[in-house]
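Scrolling down, you'll hit the structures one after another.
What follows is chain A paired twice: with chain B in the first complex and chain C in the second.
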Partner chain A sequence: MSQQVLAPAADQAQAIATVWQTMFWPNVVIYMAMLAALAWALWRRRAVVADAAVQARQERNWVRALVAWIVFIALVLTAYTAVSFVQDRHRLAHAPDALRVRITANQWWWQVDYLDPDPSRQVGTANELHLPLGRMTRIDLLSGDVIHSLWIPALNGKEDLIPGRSTQLALTPRAIGHYRGECAEFCGLQHAHMLLPVTVESPAAFAAWLDARRAPAATPASPSAVRGQQVFESGTCAMCHAIAGTSADSHAGPDLTHIASRPMLAAGALPNDRAHLAAWLVDPQAFKPGTKMPNPRLQPQEVSDLVDYLEGLR
Partner chain B sequence: MSARDANVEAQLARTWADKPGLVGWLSTTDHKRVGRRYLVTAIVFFALAGLMALVMRTQLALPDNHLLGPDRYNQFFSMHGSVMMFLFAVPVMTAMGAYLVPLMLGARASSFPRLNAFGYWIYLFGGLTIFVAFALDAGPETGWTAYVPLSSSDFSAGHRTDIWSQMVNFTEVSALCVAAQVVTSFMVTRAPGMRLDRIPLFVWAQVVTAFMMMFAMPSVMLASQALQSDRQFGTHFFNPGEGGDPLLWQHLFWFFGHPEVYIIFIPALGMISSIVQTFARRRIFGHTAMVVAMLAIGFLSFGLWVHHMFATGLPPLGNSFYTIASMLIAIPSGVQIFCWIATLWLGRPRFATPLLFVLGFFALFVIGGLSGVMLASVPLDTQVHDSYFVVAHFHYVLIGGAVFPLIGGFYYWFPKFTGRLLSEGMGKLNFWLLFAGVNLTFFPMHWLGLAGMQRRIYTWPAGLGWEWANMAATVGSYIVGIGVLLFVANVVWSLRRGQVAGDNPWDAPELEWATSSPPPPWNFTEAPVVRSLTPLWSDTPIEWLRGLKSDKREMLLTSIAEARPTARWGCPDPSIWPFLSALTLTLQFIWTIFDPWGWVWASIPMAVAMTIWFWPKKSEPSME
Partner chain C sequence: MSSRSRRAERSARGITALVAAALLALLVAACEREHREYESKAPPPTPANEAVRVGDLQPGKPQPPRMDPHGRSFEGNAWHVNQGARLYKWFNCTGCHAAGGGSIGPALMDADWRYGGSIEQIHASIAQGRPNGMPSFRGKIPDDQIWEIAAYVRTLSGNAPKYVEGGGRQGMAVAPPTSRLPKLEPKTTESSQ
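And then the complex of A and B:
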């Protein structure tokens, strides 16, 4: 999973990397020149007896050099500002056919809704973001509680999600792959575990993935999974989570309709596999201290059934 | 010394003596005793906050480390930032000013000696409050910036944030007291002949800083009061559900927070100027340009707070304005760097520990300055903002730009403070340890930020390539720790065994070196007459203006531009009431954390204490 600012995989991150390249090397040269000037000032050969007239001339030369130095800094800053301004407009550019997504940040997970002019085709998921290659996705950013910030370093700079406000982020990915998204604004106890894994795929693969999201949850395939669904619907799980196609329809926590197909659990706190899922269900606070998910206090058999059920939700 | 002089000095010693015993200790208004306490207190807070940083670095040395849980870690980094910014960096700079400004001005005392003492006590009590709270597991938990709504009562229950916000009030009251004192000292207590163009750059730096405090501090006090009001009374300054706005907090906080950085940095510019001048053995090149540059930095620093908010979705055109304003700061900073290099070139440099720390300043601060220019760019800032790149940037700026000059200044003025020199051998080792440690700690963090590591996370996962850089940073931080320990050892050793300094061990040109080391309580027996920027380097010995009384606490007041003598002023006697008033204000601040009625009831003892403090005394000499 890539998360390098200087290995851009989208137009926006590329624009920013251009600004970096523009400013980095001149800055290195300026720094080295400053150190060289300092060394020269310290260790130059000096006349044993300083002549007053010579000193006065030296000082006049330094005044001229100061003026030149100020002009030089001003020119460098002007160039930096111009490049920064132009590239920022690239970063903020709109595309009329952009895919629309709404992301709502919560302590400590991401709700991701794919918008559509036809409301019946809108679909939600959580803690994963899939993007089509080569097409701009415009994301509306909202917050359900405190200020968060969405940062996918390989794709674009970060943008805050602020309660009471709506902000936007555009992503035009140019390379298929997996990218790390994370919360970059301190948001409380589990700021460290608030990841948003991003998958960039071909437009066809993306369309297939999105269609699969629109399908209701898979029906349980084994007796233990059937029991697991009963545990889910009749226990505490359904008080916070939704699984489309079942009676569980609460949105206080992440939607779990296709939980088994996601890369990670609990917004990046755990790998998504059977053993970790079972351990998480037994004691969420052990893996993500402070998470809003309470200990569901399940019997071992119930945990096993529930895991069978959830592992089938692809 | 003639017999008359000996008699005069004996009489001055009686006049300016503090009362004996504990009462005398608590009631002193001598700016040097107060300044020394300020310095020692600030350095203790610095050491404690530094220890917290070592614990955090230990936690972050390895991936998925669980030495500290998230709650503890959040308290650690919030304390580290709050203590370093509010209780170390600003107070230690004002402490140097409190001690040195009257000496550099050739004055017998500071302009508001009681207010100065009051400011110290408030600062001490504010610091103690937050450390006691931290020890009781009630330390701040929302970072030194305490963004709402995370710091609102919904998400930060209990009193942790209330205590933090009250600590802010303590330190800002204290800073405003010192600011008023410095500005007034600058205006009316300068030595005769110290015209505006003959004022040392250190004093200019302190004055610019004091004015900045007066404009910046009220903003954060307003913000913290609004926060407390939201938390205690259910007002809605920051609640978007009722028409408030979380961004209001950020505007108010950074309108203070960005100038704050320069409030820390500008006094360091003054220290560097004094050190460069003395060790280049030449008057500073471009004195006027330096003063203008400092005023420009002070002014510009109020126009760039939004560069902390480039990721909040503000209008792009407005952001562009703040890009330009932020970049402009590079011009006066570049002028300063240029003038120091020119001074060293034109002079005959002599290498000693203070100059070594100034050279370290060049090497570190310019890295931070150049990365700061990069942060001014909106698109680049959205990448590296709130990442470890920014952590690297501001530590280079604050350690390189303020702590290195401060330690250099400490080596430089220590003989004036104590009468003894610090050990040069230990000093040089001290420098190299700190220089290596700081670079090893913070340079890799630039890379970590570009590799996607965000700030303020209590743990990080393996497999992202962050391992080596985090380990290097942790090792570096331990080296810094050893360096600081060596500094403390040097101070302790030199206090007893250090070489005796004499009045002017460095052959320095400014007025603080014209009196004995350490100076007597009255600083100067007569008022020195100033005829140039470097009075102690003139060909003729310094002249003294006689006529100040020695049987009364009297000092000379001069006019604001030309520094012509205008009056003899009776300086207030020492008094216990500033201390007692500070206690009553502390009572009020702490009471109101738990119960808003504290505002009402605690104001009664405060009114009594302050009335007695300001009660006019017939025995006090009046203006003549």
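And then the complex of A and C:
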């Protein structure tokens, strides 16, 4: 997963990188020139000029050189401001056909909702963001508890998520790939385990993915998975999590309708596989101390059935 | 220097040391107020609240109510009380009890308790459910989290130790901070059927 600021993969990150490159290289040259001038001033001997006329001419030359330098610096700063102004307009540009997404940050996971003018086509997922290539996605950023900040370095700069306010972030990705997004504002103990893997894919692949999200959860395929669904719906799980197509419909915790297709568990705390899912269900606090997911205190058989069920939710 | 002034100086130094020690002890005690135990290491094997009596009427000589030390530990802890406040909204207690003032469910911030107002009794009411609308949350909310909610509910009538309660509330506040609520000694009332 790329997280290079200097390898931009979206228009907005490109704008930031352009400003950076525009300022960085001239600054390197100017700084080296300053150091060279300083070294020369230290090294040369103090000239003793007896002739007043020669001295006056030298001083005039110096004043001229200084004025030229000040004009040069003013021009450079003006150019920087102009570049920053123009690039900022790129970064904050607004496309009328933009895909609308709402991201709500919570301690310590991301709720991702794909908005649609037709409410029945609206769909939610968690801890993963898929984006279509070459189309602007406008993201409304909200917070469910404290101040968070979303940073996907390869796609755009940071944007804070503030309780009681809505902020916006635009992403127009230009390269297919996997990128890493994370929380960039200390938000509590598990701030480091608040990962948002981003997948940029072709518009066709994205449409297929989004359609698959809209489908209800897969029906359990094996007897143990059927028992797992019963454990899920009858016990503590359904009090916080939702699985579309079942009676579990609470949105206090991440939506688990397609949990098995996600890259990571617990917002990047664990890889998503059978063994880690089982270990997580047995003792979440061991992997992510302080997580709002309490120990559900399941029997070993229940854990195994539940894992069978959840692993089938692709 | 006279021996008297030296003695006075020594006793002044002694008092300073005493004050410093007392302040240090206060500081250390303050750390405990939100000691974060994310899950109990040794949960009770069977629900202890089975033995909780919810009324005052009992045969024989009245006995003092039974205390649950495990449950009581939640009451004196700021972190657990705050988690309880979060879960109170999270599990929609507000749906019937509002922010403690009650709506279609009874108020939780007064002194009247149909089934008792100790933390053990509140825990039992949440876990077991009560007639006329209170659902039973046993098996739906892990036991530790029920204790956290019960600890928070106790603060609504000012019954938690003052040092665990928050001085402020985030978001829309419908009631003063729990630390400013008057303490209302719980009394068990006849349920109005």
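Heads up, the rule we're going with is that the second predicted complex is superposed on the first by the 289 of 314 C-alpha atoms of A that agree within 3 Å, B and C clash if a C-alpha of one lies under 4 Å from a C-alpha of the other, contacts with A are read in each partner's own complex, and residues count from 1 in each chain.
Keep this in mind: a contact is a pair of C-beta atoms (placed from the backbone, for glycine too) under 8 Å apart; a residue touches a chain by one contact, two chains touch by 3 or more.
Remember, it's a predicted structure, so these values are computed and weren't measured experimentally.
Engineer: Pick one for A:G188: touches chain B only (first), chain C only (second), both, or neither.
Structural biologist: In the superposition, A:G188 touches chain B alone.
Engineer: Taking the superposition as given, does A:P289 touch the first partner, chain B, the second, chain C, both, or neither?
Structural biologist: both
Engineer: After superposition on the shared chain, which partner residues are touched by A:R297: those of chain B (first), chain C (second), both, or neither?
Structural biologist: second
Engineer: Can A:P163 be said to touch chain B (first), chain C (second), both, or neither?
Structural biologist: A:P163: touches chain B and chain C.
Engineer: Just chain B (first), just chain C (second), both, or neither: which does A:S149 touch?
Structural biologist: first
Engineer: Tell me which of chain B and chain C touches more residues of chain A.
Structural biologist: B
Engineer: For A:Q3, using the defined touch cut-off, is the partner it touches chain B, chain C, both, or neither? Pick first, second, both or neither.
Structural biologist: The first partner, chain B, only.
Engineer: Using the superposition on chain A described above, determine whether A:S84 touches chain B (first), chain C (second), both, or neither.
Structural biologist: first
Engineer: After the superposition on A, what does A:H276 contact: first (chain B), second (chain C), both or neither?
Structural biologist: Neither chain B nor chain C is touched by A:H276.
Engineer: Do any residues of chain A touch both chain B and chain C, and if so, which are they?
Structural biologist: 163-164, 289-290
Engineer: For the complex, which residues does chain C have touching chain A?
Structural biologist: 36, 38-39, 43, 86, 90-91, 139-145, 170-171
Engineer: Could you please specify the touching residues of chain A with respect to chain B in the complex?
Structural biologist: 1, 3-6, 13, 15-16, 19-20, 23-24, 27, 30-31, 34-35, 37-38, 40-42, 44, 46, 55, 58-59, 62-63, 65-66, 69-70, 73-74, 77, 80-81, 83-85, 87-89, 91-92, 107, 141, 145-147, 149, 151, 153-154, 156-160, 162-168, 180, 182-192, 268, 289-290
Engineer: Hey, which residues of chain A end up touching chain C in the complex?
Structural biologist: So the residues of chain A in touch with chain C come to 163-164, 234-236, 238-240, 252, 283, 285, 289-292, 294-297.
Engineer: Per the contact definition, I'd like the list of chain B residues that touch chain A in the complex.
Structural biologist: Residues 69-71, 74, 142-143, 147, 149-150, 154-155, 240-241, 245-247, 285-286, 289, 311-313, 316, 319-320, 323-324, 327-328, 330-331, 334-335, 337-339, 341-342, 344-346, 348-349, 359, 362-363, 366-367, 370-371, 373-374, 376-387, 449-452, 454-461, 464 of chain B touch chain A in their complex.
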